[in-house]
Amino acid sequence: MNELKVIFHINESNRWKIVLVNITNLLNDVGQDNVNIEVVVNGEAVSIFKNGCQPTECSGSCYGSTNESLLEQMEKLSEVGVNFVVCRNSLKGQSIDENSLPDFVTVVPAGITEIVRKQAEGYAYIKP
Amino acid sequence: MNELKVIFHINESNRWKIVLVNITNLLNDVGQDNVNIEVVVNGEAVSIFKNGCQPTECSGSCYGSTNESLLEQMEKLSEVGVNFVVCRNSLKGQSIDENSLPDFVTVVPAGITEIVRKQAEGYAYIKP
Amino acid sequence: MNELKVIFHINESNRWKIVLVNITNLLNDVGQDNVNIEVVVNGEAVSIFKNGCQPTECSGSCYGSTNESLLEQMEKLSEVGVNFVVCRNSLKGQSIDENSLPDFVTVVPAGITEIVRKQAEGYAYIKP
């Protein structure tokens, strides 16, 4: 079977837990070598990065405690190949400094464009 | 025209009514011979099966009254070819015994994998 | 690059603002000549058209003030090529007269069928 490809779209903060559980279940089911996973984060969901800190201020782990474990889970998933892609428009809308984002995150000009382009490349779409 | 193919994804209980209305409208519009419909149920939405009973306890109709009419509608839709596919991870998460599920339901290891695979096969995706 | 194609699906009124922001960001990012955008409106989201008036009653601008600016935004988007497609089943469900709809809207028998067909034609799907 060819490699599976999927976009997870998240635009509400209260869906983070579900998204991460879904991804974990998918990886456990098919194995990390058999699926390309990209998470596109836009709208209000980018606020998970809101309590981020400037690199000069701390060692990078000063996120709010509620978000901390989610961010740790995201980082672990990124280490097994999951891509986290964040919308610049949404970051601006919430006055979040791109420099404060975790290293494992990629910023794109518009999250919606990313979702359209990836589907055109054959990625499935899931909105958890 | 070739046969249409579509996955309906439901992961929240409060969307059941809408999902079933959507499917009914689709069937009325194009006819049951012209569309393949699969409903993938995961997350919290599997709780519709929570009040199910063991086959030894009743004749199979002892679901809670609130869910009963929805389950009856689902059964009728299954009789005209709609597939209902339920995520095993989600059932385990809610301690729902697979043996208590209605006969018309199919269980898969991970609902998310099913959604990705079906889209790779050309199914459209709808999240009502 | 080939032209991008995308369906935005809206079935809840409280998502209108987000949908219109998403579309605006997409157009700003790729340019209106490089993307085909269709918005499929069904379910409760058709209620944005509820305070519409008969052409005989007013000049077509007597929608409720809360919805007015959204409808104006929609009209402007329609002028740069965005298609707004509304589900007849949903209009009937809310007793909305088709004749009261703004001119830039197209009515289809079933919004869900439209979504399935467009994806079969290669359109991406986004549920904001």
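Note that the chains take the letters A, B and C in the order they are written out, and that residue 1 is the start of every chain.
By definition in this document, contacts are C-beta pairs under 8 Å (C-beta built on N, C-alpha and C of every residue); 3 or more make two chains touch, one makes a residue touch a chain.
None of these values were measured; they are calculated from a predicted model.
> Pick one for the touching-chains graph, please: line, ring, star, complete, other.
Contact map by chain: complete.
> Is the contact between copies subunit A and subunit C built from the same residues on both sides or from different ones, judged by whether over half of the numbers are shared?
different
> So if I superpose subunit A on subunit B by CA, what angle comes out, to the nearest 5°?
Fitting subunit A to subunit B on C-alpha positions yields an angle of 120 degrees.
> Quick one: subunit A and subunit C, Cα centre-to-centre, how many Å?
The mean C-alpha positions of subunit A and subunit C differ by 28 Å.
> For subunit A, jot down the residues that touch at least 2 other chains.
125, 127
> Name, in rising order, each residue of subunit A that touches subunit C in their complex.
9, 11, 42-43, 87, 89, 109-113, 115-117, 119-120, 125, 127
> Could you please specify the touching residues of subunit B with respect to subunit C in the complex?
2, 4-6, 18, 22-23, 25-26, 28-30, 35, 122, 124-128
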